[in-house]
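One chain, chain A, appears in both complexes that follow, with chain B as partner in the first and chain C in the second.
Right, the complex of A and B next:
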């Protein structure tokens, strides 16, 4: 099968396929009549499937190519598969939504595919400049996506806010990289680590590291760098918000783990404290702010801040198991969050006029299947056993206990009990209130299929998580953690 | 051991899901079909659980009908089920009460399909809790149980149902999450000491915990279970949940869910941390006695029958806790028996309260009076349930209460004497309530036309009353099945603390137990 393909090109095949698919979508968009619009999603899904097939072929065949800047290890393959899953689910949710908004255009799908390309480069980068390029590819695609429904004011506001704060955080990150470079003379992750081992830590290096981490914390919307998230998630189109809240977070967590492990592991006494503080702040601020939200998108935004906090418990463990737990958690989180945003997109209807929690009153009586899917996602977010959310939390907290971070874990579990309240509020609205209206929801078969995939995934990860737990564990085999 | 050639515990645990699957495909409009499907499922489920009793091997404390399959390999977690003489009866109680609860839910008219599905899901999780021998599996069932119960209270409950449902959920969850941390700690502690990752109950029990952390772990477990029991001062969710829950929900809540708290103490909390148990025993005995007296006194001043029964649960479960912490054969046997008895008697009372509520849509005592004249059969059953609850000799309540108090007297006379007030107080509030509801003249006009029990209701009550008399008159089959497990429990707690303190499970205590049963028969 390899034929003429150079061994060093092979790791890039998923990226190549995605890029080609994106370009094809753009071309088809230009040359096809308007009424064929809704098929871009399926074209995209086909490209994603092909890319996933190539990515699967890379599992277990580690390589380090392009002058040692691009690594293909199990972590990058596993996260690539997660991005592809997220993108595919987003494509299934989007056509119906965009059709109602009159914005079912080829460039939407192309932008998502380009974003995935950026994500893959980020996680595969062994050199911080390559990482930064990947991050910018992602960010620029996301700025455009956040404002994609341009006739809506909130949407434009979200895009602009995201652009400013994203640019701001990118420059902080870049400043940190500059500091690191000024000390170590290299931006290879391993190079930084070798320098630290040889020469010890200097204050400039620690400053650089901290700035880079602040940049990461911005991107994963961890408190106190979270302020943009509710506005952006609240304003962006629901499927885009779901994509942003999941894909970008998975990638930045993977990169954070890579950075902390490969580059600055010797400095862990410095960064562990920082991660712990940010974790506690994210959980507390995210959960308590979510309690007061009336808009379900904002509630999910605050909940995603809290979830970043839970996942950071695994990072703070600074262990192989902690890393594996974070990756598994991110997969679980992506599924349930995409499901929740998918339902929000359906219930919101044209112009997202119905995005308050009170708009869900009696949904179970009128749309039992939709309500059940939402309830399963919410119970999973709340961490009820039997769902993906529980196994994710369990594994993260277990890694924390193992690393003797018991106070942090106790704070985390108490927080997850608090969080149950606001998830239950939506369940209560759906199941225990009388319906106020008829729910003129137009079901798109693709969206229903996506919800089905998500629900099955949530139960699979919650009841028989063995295979994926092992996969995430093995993806940290090369780490020093 | 004791295998039947097929995985009976898996079947008993998951059979209700078959019913759920069928219900999913039944049209939501055909309520009769929905009800009958659910009922037949629970009847079959009950029949399936009966072989557990008949094939149960006597004279051993080892777990029986054990099934063990690797579940999550990387975590060392097993799908590991098994029952002993204690959980045998809790499983039977669960399947029995669920069957009656479905029958008592015939009057549910709103969202019948979802109701029956929730109930069957609840049954699976309850049986799962009692059968799990793997701590992760146990926790999974333990927490998953909250969801169907939350829905049952919140959707089909009374006027303040939403508040009650959320309170129930959050209280229980807040308690359990700390237990989860404790479980994980034990898991890694065992790994450090013994070198293998496992959630197996027996393996974790075999690794003692350092004295410096044991109290904390004990308290984390104890909090989860004390909320569930509920012990004073963690009881405040109970009156709300009970009063607002639909009748069948109350029956299951009182009959089975509360037992999970005491069961948790018995199976996990106390055997895991024997030193901490003895260290904190005065605290828990005090809380138990406070629960007994407080529950009874508050029950006495209730004007709502259902609330009265709810508070009486706090009192009765206090007796169970007293028996467990007194740690001798009689007290613990009594405590365990009292768990079953309370399930039957309080279950019966809630069923009866539900029946009268269906007729009159009120539960206030002052709305009644002279009911015995218009509903003689109802009054008779209510009388039996009342006597069972207050522990009249000849009925089940007596044996459990008496054994636990007598046992407690041997080790902690002061607490036992204080606990004994429960018998007086419970007679007071139950009989006083009975008098006000059933005797005298019919004063309220609406009560004059009340119909007596229907055939369905009569059958429900007949079925509850049979085991009441059975345990009351001939408790030996129950006691002899639970005795080895109870002795094992005591030796787990006491034996590990002081090996030098003589303890002979087959010796003196056993004789005195047999003598006691004889004595007990004479008393009757």
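Right, the complex of A and C next:
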């Protein structure tokens, strides 16, 4: 290769496939008549399947390419597969919803695919600028997606809020990178770490690290950087809210783990304190605010804040076990949230007119399958044994106990007991109340299939968690944790 | 083999899930799901039993549910002679009780009906898990699961205060036993380092006698709770508040026998602890006698059967306590048929008499409901130990084992109890089905139950009549079959020698004597039972009040606890501290919620300020540490 720059296309194959698929979708969209029913979703799923096949081929074949900025390790492959799963499920949920809203357009699918490209770059980045570019690719796609149903005011409000606050947090993150660079003269993750080992910590470096972490905390909607989440998840179209709440969080958690491990592990006493505080705040604020929500989308938004708090318990453990638990937790969390938002999209119907918890009264009487799927997702969110949510919490809390974070784990356990109330309230509504209306829900076969996949996944992870757990353990085998 | 075992366990769970999640949908048709969900496992169990008969055996960990360092939770199944007999019994009896329930529960609300079948399926799932588990922890999951279902079903008519209270009583009493059981499990893990049956039993010999005795006594404490033995039997008679098919399935045929099964399963540990064996046998014998005497004077149809169940469970513990484990399990097996049957017939009588349970108001019902009446007679003959019906074979096996093992007193108690058993059962029959009707209008409205209820009665009656004959099958019959896992009883039980025949004749004579005495007292009125009650008033009163055990428990345990709770805990700790704290927390939540509302203004600049302040705080925390 030229000039000693190590360029190998193989690690990039999934990204290439996704980009090509997105471009093809856009082209087909341009050359097809407006009023035709689109099948971009299925085209997108095909592209995702191909990308997943290439990604699977990379498992266990670690590489570090593009002047050592792009790493393909087990963590990046595993998370890539998770993003692809999330995107595929989103594609299955979306056509029916978008059709209702008259917005079943090619750019929607292209934007989701571009967002996934951004996600993959974020998690594979060994250099913080590459990470930042990936983050911006993701963010810009999400800003557009949040306001995709542009005739709805709430949607526009959500997009605008997300854009402003996202820009604000990005600039804070960038400022943090600048501080780090000013001290260490490098933005390679390992470079930062070797500087700290050689020269020790300085307050400028800690400031830089704090600001970068604020950027991360914003993206995972951890308190006190969460305020945007209820407004944005509440306003964005339900399938988009599901995608935002899951894919971006998985990626940022993976990056957070990578950053804390590779770059600033020597400063762990500092960041462990930060993570612990943010974890407690997120759990408490998320759960207590969720208790009083009447809008189910806002309730799920607050619940996702609380879940970020639970997952941070695993981060605060600063151990391989904790890292593996967080990745496991993120997949579990993604499945149950996608399922819940998917049901919300179906029950909400045109214009999302039915998104209050009281609109779910007696759903089980009229739409038993839908209610059962929702109940399973909610049980999993509440952490009932036998479901993915229980196993995720169990591993995260176990890693906390092993790391001697007993008070944090106690707070987390108390919080998950509180949380059961607002999840089970919806179950109660669906099963115990008399139905008030007819529930004229139009089923889309793809959405039903997606729900089926999710339910199977929830039980699979809850009952036979071994496979994924050992995969995520091996993802952290090379970490210094 | 693995697939078949999984099918047996999981199909009832599937049925429960469908009826649980879709109760709005299945409603009145819940049984279309629920009955096959048990019938299919019943057929599969028979296939499995046949394969075990040919010498196959299955013991495998499917996977580790929670792999956590050195403590790992196994999910695995063990199918051997013992569990094969158990699952066959459970699924067979459960199938017919499910069928019977279709008729019995037809007055329920549609959702209540679906809920009922959901719980019933769920119960079978947990019971099969309990029987098939290959480790203590999974067994404990099943153990707690059947307890949960039992609680839910006792309190099925929770609007009725007595039903809700009975459910609670069962739950609390069982907790006491389970506490012992759990400590036993902890000790096993501590001393043997494993919870797998195969490993634990293989290394059981390493245990010192003291530790083994402690562990087995703790396990037996759990068994006394679940299987209603002295001193924890008090919940079972009250449990009759549940629907009668539930009493039949859970509180007679299956769940209450879990304690016996557990002792038999852990026989390797019990063999190490002769003292524990003595305790098991003695408690069993004492319970058998005491419960039988309480049944003598009771007038409540279902409660008599409940005391009879407690008494028969006592027999089973005598069996496992004197070391003839196979005989104990054999009695469990036959008992499931005849006691399940008798409860179902009692349900049929209740169904006909609009819930009336008082024997003194019945009489002559056999003319109105011949199938119910005659099937009950079959069940009663079986429990009375009249050959060749089922109870004779198993009871005789236990008593012979006790006698041969040198437990003469226990043998005498058991034999005398056999006489009492025959007497109170036939007292019940003569008062209910024969003689003159004592309440005319009840009698006039009585009618035979529909075929969906009578067919299960007939099936179980045939079962009660013939399953005992399995004792005569080649290769030592069912006892020999069970002994392949449970080990030959050390006293070399068997039917050789004249002594066994003498013992057999004595026990049959006792049964016949009981029947004859009941006939003279309640059909011919000589001696007149009313006069007897008058002449032996102190004894009668003592028995009628069930030895005042409930009262004693209340006076010495419940009331002090409740009193202490009321004045120390409720009035002070609860009202002032806890309620204060809870209300405080509630108020705090509202406050927090309210405060959070102020934070959530919806304005972008406010949010940006929050982020900025948060960033400063985070940096400051980072600096601090």
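Note that the second predicted complex is superposed on the first by the 470 of 481 C-alpha atoms of A that agree within 3 Å, B and C clash if a C-alpha of one lies under 4 Å from a C-alpha of the other, contacts with A are read in each partner's own complex, and residues count from 1 in each chain.
One rule holds in what follows: a residue touches a chain if its C-beta (ideal position, glycine included) is under 8 Å from a C-beta of that chain, and two chains touch if they have at least 3 such contacts.
Because the structure is a prediction, the values reported are computed rather than measured.
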Which term applies to chain B and chain C once both are placed on chain A by superposition, clash or fit? clash
Of the two partners chain B and chain C, which one touches more residues belonging to chain A? C
Between chain B (first) and chain C (second), which does A:365 come into contact with in this model arrangement: first, second, both, or neither? both
In the superposed arrangement, which partner chain does A:424 touch: chain B (first), chain C (second), both, or neither? first
Partner chain(s) touched by A:214 [first = chain B, second = chain C, both, neither]: second
Looking at the overlay, what does A:442 touch: chain B (first), chain C (second), both, or neither? neither
Can A:397 be said to touch chain B (first), chain C (second), both, or neither? first
Which partner does A:23 contact after superposing on A: first (chain B), second (chain C), both, neither? neither
Just chain B (first), just chain C (second), both, or neither: which does A:414 touch? first
Does chain B (first) or chain C (second) touch A:469, or do both, or does neither? both
Which one of 7-15, 493-501 or 583-591 is the stretch of chain C that crashes into chain B? 7-15
Where chain B and chain C land on the same part of chain A: residues 364-365, 368, 394, 398, 431, 464-466, 469
Given the complex, residues on chain A that touch chain C span 160-161, 164-165, 168-169, 172, 203, 206-207, 209-211, 213-214, 217-218, 224-225, 227-228, 230-231, 269-274, 277-278, 284-285, 288-289, 291-292, 362, 364-366, 368-369, 371-372, 375, 391, 394, 398, 431, 463-466, 469
Touching chain A in the complex, chain B uses residues 71-75, 111, 114, 136, 139-144, 146-147, 150-151, 154-155, 161-162, 165-166, 169-170, 173-174, 177-178, 180-181, 184-185, 187-188
So in the complex, the part of chain A that touches chain B is made up of which residues? 364-365, 368, 379, 384-386, 390, 394-395, 397-398, 401-402, 406, 409-410, 413-414, 416-417, 420-421, 424, 427-428, 431-432, 464-466, 469-470, 473
Under the definition above, what is the set of chain C residues touching chain A in their complex? 21-25, 63-68, 589, 592-593, 596, 599-600, 602, 604, 606-608, 610-611, 613-615, 617-619, 621-625
